[in-house]
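Here you go, one structure.
Per-chain numbering from 1; labels A, B, C, D and E assigned in written order.
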Amino acid sequence: MFGVLYTSRDVVSSAYAGTLIATFSTAVLCFLGLSWTDERWRIPLAMGGVAALASALGYLGATSLWLTEQKASGAIRYSGWFTVQPLQVAAVYFFASATGKVPVGVFWRMSAAALLMVFSRYLGDAGFFNPTLAALLSIAFWLYLLGEMYFGAMPDIVRKGSRAVRLGFFWIRLILTIGWAIYPILHFVDVVIGSGQASGVVALYTLFDLINLLTPSLIVLAVASQERY
Amino acid sequence: MFGVLYTSRDVVSSAYAGTLIATFSTAVLCFLGLSWTDERWRIPLAMGGVAALASALGYLGATSLWLTEQKASGAIRYSGWFTVQPLQVAAVYFFASATGKVPVGVFWRMSAAALLMVFSRYLGDAGFFNPTLAALLSIAFWLYLLGEMYFGAMPDIVRKGSRAVRLGFFWIRLILTIGWAIYPILHFVDVVIGSGQASGVVALYTLFDLINLLTPSLIVLAVASQERY
Amino acid sequence: MFGVLYTSRDVVSSAYAGTLIATFSTAVLCFLGLSWTDERWRIPLAMGGVAALASALGYLGATSLWLTEQKASGAIRYSGWFTVQPLQVAAVYFFASATGKVPVGVFWRMSAAALLMVFSRYLGDAGFFNPTLAALLSIAFWLYLLGEMYFGAMPDIVRKGSRAVRLGFFWIRLILTIGWAIYPILHFVDVVIGSGQASGVVALYTLFDLINLLTPSLIVLAVASQERY
Amino acid sequence: MFGVLYTSRDVVSSAYAGTLIATFSTAVLCFLGLSWTDERWRIPLAMGGVAALASALGYLGATSLWLTEQKASGAIRYSGWFTVQPLQVAAVYFFASATGKVPVGVFWRMSAAALLMVFSRYLGDAGFFNPTLAALLSIAFWLYLLGEMYFGAMPDIVRKGSRAVRLGFFWIRLILTIGWAIYPILHFVDVVIGSGQASGVVALYTLFDLINLLTPSLIVLAVASQERY
Amino acid sequence: MFGVLYTSRDVVSSAYAGTLIATFSTAVLCFLGLSWTDERWRIPLAMGGVAALASALGYLGATSLWLTEQKASGAIRYSGWFTVQPLQVAAVYFFASATGKVPVGVFWRMSAAALLMVFSRYLGDAGFFNPTLAALLSIAFWLYLLGEMYFGAMPDIVRKGSRAVRLGFFWIRLILTIGWAIYPILHFVDVVIGSGQASGVVALYTLFDLINLLTPSLIVLAVASQERY
């Protein structure tokens, strides 16, 4: 049907536009959720919503760059990630805090690790730093975050929560474990195999990114909505 | 009067612009409705509103593509549908849940079916897959959704609800039965007869799409507003 | 002072931009009004606000078309009217309903008549139908709406309301009687005299349209604000 | 540093962009203020906020016109003023009404005078009318407004209010007296001296306009916030 | 990977886009925070949020200027600063006021000093005034602001507050001391060394500006959220 448009350039643009609409819708849904959820769930929910909104803004930039110049610039992805990924990590912290007291030091360490994870990846991609070393550094910060979520103070506190809270924490953590693995994997594909700009890779990448961006916010919304009853 | 503008290219652009304004207005109306409806109706209402908003964003893209390139790309329609149709199906689930407890498994099965329905249709149209097979697969997922709504757990629960709830469910289900039939029909017209790009077909199609996008959200709003009293 | 800009093309663009700002401001004022008005007035107020917002979107399209192509297309006006005029009629119904029970059949008949009124006018202007016949049909639907408002169930119910309600209903009805007369009149000017595209006519027309779009929403807001005390 | 950009064309664009950001920020601040102010102050506050928003929209138009065509069109200023100045006058009325009952006739007379003040100025500038006569007429309506505010029913009512209300009314009235004097003065400079398009004049003019647009809304917000305690 | 895009022009654009997304997200987070914070913290929080929003608007202008003309104009920075920096200073005042009564004279003196600080810097950069003198004047106003915050009425009042309030005030003051030092330093780099337009300098500058814009608003949000319990 619209074959020409699709094969010539549209796989990427439909992936981008779809992600844009999906992340923006998620953000609005989280914001509206503030009107029916319990007060103590509002902080993680607001953070999840703002993270989705920041993703939408990032993809808005990426979409317009693509439509005008047919380029899938990583720079625009980073501009969103600097806000999105620390916010997601902070949302995890406040998610756990809604159940019980998590030491505030965890928040600072995790926020710093999330920022440094994005920043070191950025420095590598931008060429200010040895790309391989930067990628390894970024992975190290990511592993630190996983360590906090698996063996730190949070799992003990979450374990005392309701079933919904425990399940929600389990899934968010899983996405941050498996889903975020796409970023170092893509980096490898991109640098070693050198096919990071192919339409298929960009579309697949965007799909994984979409899942990483959407689901944690939606899980927070789902848990917060259930905890109300 | 504005004959030239209309006949040359404007049937499509006025259909698009009208749909854009109508869906956006519906979204805003649903969001405002959150301020006067009962708390247990807010989840389906918020979802209906966000579905209308995502439709508006999709049509915003379609309108600008049309105005700049005179093309009625299906790709942009899909970018909205990936968000809109699963959200509408989820809104139906939460609509029924506002009356009584619907097993959460229904939600997961229906959401997955809705996503796969759009996705298989997309793969066919984009040419990644045999178009006929993709269309049949998409119809199968749609029939599964109808099955859940006609013979699953939901109708039993809704039957215990008030008259407004029963009527609302009846109409939403009817739209998802008759209205959504337009998508496979158009696909047939498009592929077999090959006239899917003609202005008249696009305008007619948009009209049906508009009804599918608007009415479920407005029905949720109407039922939620009546249940308040 | 800015003579050249004004005489060359700016009467229309300043009429358009002024209408855009005025309708958008009205919409925002109505939405904010939801925070201080009584709950039973929120439905007509929300509808009045959304009608103003849809007008603003329609004029946004008209303004950008004018600025880029110097054309005052009717197509863009219609794209807004399809949403605005049924919403205004529905707002009148819910305005009356806030005072006492109006049969729901009135709502369906009036909404249908409002939609058909715009649709038949559109078909005539777009040339799908005999323009004179379409215009007459459109006038017939309009007269039906007036009949419902003057001799139907609503005036009896409104008569039992407070002074503010009665006065508000009187004025809204008057605008829908006198103000809406501009649409068939302009059509006559346009088709018979053929001067519908002259700057002065477009500006005058926009002025009347503005009054039709603004005042009903503002009247609903004014009545709702007074009924609070 | 950015000398070239500044001297060549940027005094106007930085004045415009600064006004745009300042008026929009004021609008948002007033809207947020609705969440902490007392219910009876919400009407004037909402009006002040919408007036600031309408100013921002007007300056958005002016800024984009300037950036694309390097013209400081008065037409776009008027498109905002038609909404802004009547709203500001109405905000003054409701400001006084929050303290005690002001006859509703004052509202109608002042709103009409504000509309006619802008309209007669517009007709003169657009060349539909003798510019000098139009300017004099506009001044007459302005003097009428001042008369209502100094010798009408409002000052008596405000005098019974708290210190914050009295002080607020004093300052708003002062701005409407001294600040609004810039409009006839500029008109004189423009027509008699003929330098109304010089960058310096436009920038100075915008600065005064900014003060007129911002301060009344901020004063309403300040008074409403204090009256809460 | 995207080497060309990065090295050629993208350090600045990714710094700008990142700042845009981060400031906008902060603004939304502060606005949402109004729904869970205590009423007396809403004024400083709203101001912090609006300051972040005004920053976002300023960077929106800067980003689009950069993308279209590859220029890092200071004019657009100033257009935001005129709103942002006085609002931040006002937020500090209302932050202290949420704890105890701070004389209103402090507010007026600090607001005036903040406005004059930006204005004198602007006059120097725009070349209306001796740049060195203007910079010195601007530094003088900044030192005055620091004086009020270190030795004025505010520290005494804040000292009586909770630990969170004291800590928050300490950090905001620190940012206004160390962070704002970047503005005179950059001015020196720019004028004396003359490398203010180099990509690296603009990016570094934007990074510091980002910290100055974000952190005070986030600190207000954090303190307000803790004071709730």
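Everything below uses one rule, namely that a residue touches a chain if its C-beta (ideal position, glycine included) is under 8 Å from a C-beta of that chain, and two chains touch if they have at least 3 such contacts.
Not measured: the values here are computed from a predicted model.
Shared contact partners of subunit A and subunit D are E.
Identification of common neighbours of subunit B and subunit D yields C.
Remark: subunit C and subunit D have CA centroids separated by 28 Å (rounded to whole angstrom).
If you average the CA atoms of subunit C and of subunit E, the two centres end up 45 Å from each other. In subunit D, no position touches at least two other chains.
Residue ranges of subunit A in contact with subunit E, taken from their complex: 31, 34, 39, 42-43, 46-47, 49-51, 53-54, 57-58, 61, 71, 73-76, 78-80, 82-83, 87, 122, 125-127, 190-191, 196. Taken in their complex, subunit B has these residues touching subunit C: 1-3, 5-7, 10-11, 13-14, 17-18, 20-22, 24-25, 28-29, 32-33, 35-36, 225.
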